[in-house]
Amino acid sequence: MLRFACDYQEGAIPEIIERLTATNLESTPGYGKDDYCEEARRLIREACGAPDAAVHFFVGGTQTNSIVIHAMLAEYQGVISPASGHVTGHEAGAVESKGHKVLVVPQKDGKISGESVRACMRAYLADDSREHAVEPGLVYISHPTEHGTLYTKAELESIREACDEYGLPLFLDGARLGYGLAAEGTDVTLADIAALTDVFYIGGTKCGALFGEAVVIRDPKRLPRFFTTMKQNGAVLAKGRLLGLQFATLMENGTYERVCGHGVRLAQKLKQALVETGHTLFIDTPTNQIFVYLSAEEEKTLSKDFSFAVWNRDENGRALCRFVTSWATTEEAIDTLIAALKKGC
Amino acid sequence: MLRFACDYQEGAIPEIIERLTATNLESTPGYGKDDYCEEARRLIREACGAPDAAVHFFVGGTQTNSIVIHAMLAEYQGVISPASGHVTGHEAGAVESKGHKVLVVPQKDGKISGESVRACMRAYLADDSREHAVEPGLVYISHPTEHGTLYTKAELESIREACDEYGLPLFLDGARLGYGLAAEGTDVTLADIAALTDVFYIGGTKCGALFGEAVVIRDPKRLPRFFTTMKQNGAVLAKGRLLGLQFATLMENGTYERVCGHGVRLAQKLKQALVETGHTLFIDTPTNQIFVYLSAEEEKTLSKDFSFAVWNRDENGRALCRFVTSWATTEEAIDTLIAALKKGC
Amino acid sequence: MLRFACDYQEGAIPEIIERLTATNLESTPGYGKDDYCEEARRLIREACGAPDAAVHFFVGGTQTNSIVIHAMLAEYQGVISPASGHVTGHEAGAVESKGHKVLVVPQKDGKISGESVRACMRAYLADDSREHAVEPGLVYISHPTEHGTLYTKAELESIREACDEYGLPLFLDGARLGYGLAAEGTDVTLADIAALTDVFYIGGTKCGALFGEAVVIRDPKRLPRFFTTMKQNGAVLAKGRLLGLQFATLMENGTYERVCGHGVRLAQKLKQALVETGHTLFIDTPTNQIFVYLSAEEEKTLSKDFSFAVWNRDENGRALCRFVTSWATTEEAIDTLIAALKKGC
Amino acid sequence: MLRFACDYQEGAIPEIIERLTATNLESTPGYGKDDYCEEARRLIREACGAPDAAVHFFVGGTQTNSIVIHAMLAEYQGVISPASGHVTGHEAGAVESKGHKVLVVPQKDGKISGESVRACMRAYLADDSREHAVEPGLVYISHPTEHGTLYTKAELESIREACDEYGLPLFLDGARLGYGLAAEGTDVTLADIAALTDVFYIGGTKCGALFGEAVVIRDPKRLPRFFTTMKQNGAVLAKGRLLGLQFATLMENGTYERVCGHGVRLAQKLKQALVETGHTLFIDTPTNQIFVYLSAEEEKTLSKDFSFAVWNRDENGRALCRFVTSWATTEEAIDTLIAALKKGC
């Protein structure tokens, strides 16, 4: 079975495993007060061009999303999210469990726009009984999106502008950020994201680490005593150095974009093969997720040797399928999949 | 600097690092659906003599405590805890953040008794306005306790009996369980704990793993859809296999007790040296935490070369200090500390 | 200014004011343990044909909805609600503030159907990653709906059937229940509602009382220690007798339906006049809320002497307006409004 | 049966009932936007000497306490309360249900001091691991206290001073405030309380109203969008005018202190009789609550004709009893009770 179901099926890049092994018996303070975390913070601030940013390390994405969103909102506020946002459907109600409504706005190709934000705020402000409604208090987007697409720099600037018009902070979920930064043709850099958002995170779990997400807060005063908030929510890793060490490794010498670039290249190779074999893409994505329609027969045949996700099926049995590559996918695996596609399934 | 401040200063036992390395590029399903997790669950059920128990893997202790406690309680209930319980003071209000009051009962040497539980329930039931009060809904204890002490089997049975009288479930925090099981003279086994509690966990973070706590639920029907509860609280690790692999390693061939036994032996060696050098122990503990009073001068001198925790100081500057060993402490480190103590600090 | 903006603009029916006055200096126990509450409970159980039901008195609707919904759900569950449900948009995120997602399903004329429930459950169960999603745990409807419409008995039975298929309890928001029971042509009685739902409430605030909602729980074991839950949520009135006395008055001798019937009759008189004067109704409702389109000019003219709610305006300035009557509306007020409509605004 | 169990056993002062009756059919906007609420707000601001204060009306005390405390705290903060505080034991965990720990400090006669606050803060700040602890974020006191005692102005100033040293806001629960203001010998005025606290409330439920508490916020910017917070928590009364009308009545022409003064006078008369008949007071209180020890026989005899609260009993059966008077207690009732005491029970 060759697995293309997601990008968290393997361990970590070899450099991380090696460094974990080499430093295993070192004795350090806990809770992120160690030198590896400091090193990682320094490298992240440098890469972001944000010397004053606070950097906090989390273990996973749902944890990060719900705690950051909760900490950014007042109790009477909710978070604006695209209908396709990860926080709306795939996190078991984590945002609501901390007391906040997810205010869904329509998406296109997984993205919202400055105009989406403005329309939401206009509707809110036009409502005479808005005192009885949840106040929009934060905008949540992801990059790459759940649909594998990317914002352009101009699109992010437009969202930022709309946020500023209404005094809304902007939070960017970067669980797959590496695959976005490494995509061909993108004009969005890590420094752009750091400059255009209030909070965002650099995804580790899906991008080469065993686990971990690095949250970057442009103005640390926005989230005072955030360590205690994290602790209260069970999100402080005792051996914090494990996170520091991984991000120090990823952020050094362009490793992060390099290892994710590998995954993107293989996904694009697969995409081209799908097109060449006459398949219909659901959407043309530049990152590591490929969405394609397969006939019922194709799905059945391919499933024998390959794992992938089926998002839905229409009444004729045609399936919308997602294939995901990662830093760990091998050229051989992709070639085997492409060969199977060409053989006629 | 030799560190005795806590038992989460190093990485993991070499067997775990080796297995992580060896399996790093294997491709497995996420979220704990992999074979390593299954293997770990099987080994844990066997070791516990609890073939029907549910086993769930968490990343850390505060997360585990607050989620289990929340899931076990109705919204109108609180948790009975010793005044010294970890959940009362050192978890940043995690239990309260999920809506529940911690109902503190007096402790002795870090422990409560069946009678503590009965006294709490009698006081509750004697209160004519108890409809206006939080109902005790769960008993929380830890083994070893925050004071490094252990319950005897008879003491645990007595607590269990009191719980049964009042229909209260019992939750045991085993963050340092390995050091308890490996202590000389204890008559409490893993199977005893599994039989006498409703839920407990086998601590990994402090007991040889990089991180991880294995929650054992005797009757899985008690916590339906617990995976979703964990997900909602951001406690599901994407690469769940990392937890499975670590616990499979720890639970095999007595590794867990063996590596913790090493820490206990060194702590006891230190304790004996402290007594021999005329120090006053705060409490005589059989596990890996040693509590001793140091004069202001001793504390100052020792602090130059050794890290340890100071719990409090009296008006004369005498400090109540905690020294902790672990699976990773070396004989040399303990001998160096003992030599320093003997030299007269 | 004649007010048609809502049905909570006046005090209470004279019988209630008289009884409040007559009993003012009586001394009774607090918190609903008094004889008036007992009398009200007895009358409600009788009227519902539900001798074993628990009856609890709340002060207001948002409070009732959020507390009942929270108490009925496990932490990993959400509540199914029509998109037009009061809990989705007009309660400031009260349900979410207690930790639960509102699972919106499409509505037609303010109503959902058994098929709506089934479609929601089928989609949930068809989702391979539903462990990562909120589990539907309750169905919320209102009767009359937010659109002033009513379910037929057959429609309620069909929803009940769908609920039973999936083990879902059913909660009916009866904030305006009196206007539903008194509507011409309805085949739904109080006893039907008590038989077909798990929990519902008899609205007082909008239906003749100063304030108050009477929650009826068919099987009290469903919500154990519900008084404590209410207290914890600040929903127990110290002088509970005020609620008991009001509901005892409303439930006696058909008062509840009689006073609401007055409001319905006047609303229907208005509706007919609107049709006769050539206006377009948004929806044909049999209760005390009338929805009609007014031109920009009509809206402007009418606003001078009458208050009413504007739900939205289209690009031509045409306004969708809501006129509400109540037990307190006078025949003169309606006649004045009708005269103004006929005069050509 | 003559009732002295609490001060919420009767309805409201006649002036309120009369005004409710007289205005019953007036038609006003809902949710506190009416003229009665405006009038009450104006009278309260005047009486408090606080022209810029925000005034919000709640229905009951537990609701008020938990919502104000939640709104004043960040998620990582808890509230300092005397061990005898109403929020610690008698509100069913309402504060915790909104996510916050109650940080209990020792009390004397129901009171804390500036030094209590300082000691709590010093202990917090001295804790090296305070990042893992709940941050004290608010001080809660009540006046009169749960023990019926009063702060002096100097004592309140000292608490204020301590709060200012540590940047802590001060919240005063005034559920029985009228009985405090009307007590003989007190040097604390309403204006003092408004000047020395950040938030406090003027209790209505126990002080002459049917129900209601008026929250006064010195600096409204402290609690932005507080109406929405109230709505979210189900604490906005639809017919808000009922609250406005009651407080407008109470705050006019010294009515509030006058009617409470009646209750205080009768309580003091009872206290004197108890002393004269050789009873031992638990505490000498100047307000409307009298605490006295009764022998088992006295308790039994008195219970036949009088209701009162028993706080606890010692091993000899001696009971600590509380007798409460109110604006509604009659001279005859007190005289009957005194006669019974003198007759030798």
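The first chain written gets the first letter, and so on, giving A, B, C and D; residue counts start at 1 in each chain.
As a working rule, a residue touches a chain if its C-beta (ideal position, glycine included) is under 8 Å from a C-beta of that chain, and two chains touch if they have at least 3 such contacts.
Predicted model, so just to flag it, every value in this text is computed and none were measured.
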Check: In terms of CA centroid distance, which chain is the most far removed from subunit C?
Finding: B
Check: For the chain pairs B-C and B-D, which is connected through the larger number of C-beta pairs in contact?
Finding: B-D
Next item on the list: Calculate how many whole Å lie between the centre of subunit B and the centre of subunit D, each centre taken as the average of the chain's C-alpha atoms.
Entry: 42
Margin query: Roughly how far is subunit C from subunit D, centre to centre by C-alpha average, rounded to an integer in Å?
Written below: 34
Next item on the list: Let me have the rounded angstrom distance from the C-alpha centre of subunit B over to the C-alpha centre of subunit C, please.
Entry: 50
Check: Got the subunit B residues that touch at least 2 other chains?
Finding: 75-76, 91-93, 97, 131-134, 228-229, 231-232
Note to self: Under the stated contact criterion, what part of subunit C meets subunit D in this complex?
What the structure shows: 2-3, 5-6, 8-12, 14, 17, 20-21, 23-30, 59-67, 91-94, 97, 205-206, 210-211, 228-229, 231-239, 242, 328
Note to self: Which residues of subunit A touch subunit C once you look at their complex with the stated criterion?
What the structure shows: 75-76, 78, 89-93, 96-102, 128-129, 131-134, 310
Check: For subunit D, which residues are in contact with subunit A within the complex?
Finding: 31, 70-71, 74-76, 131-135, 224-225, 227-229, 231-232
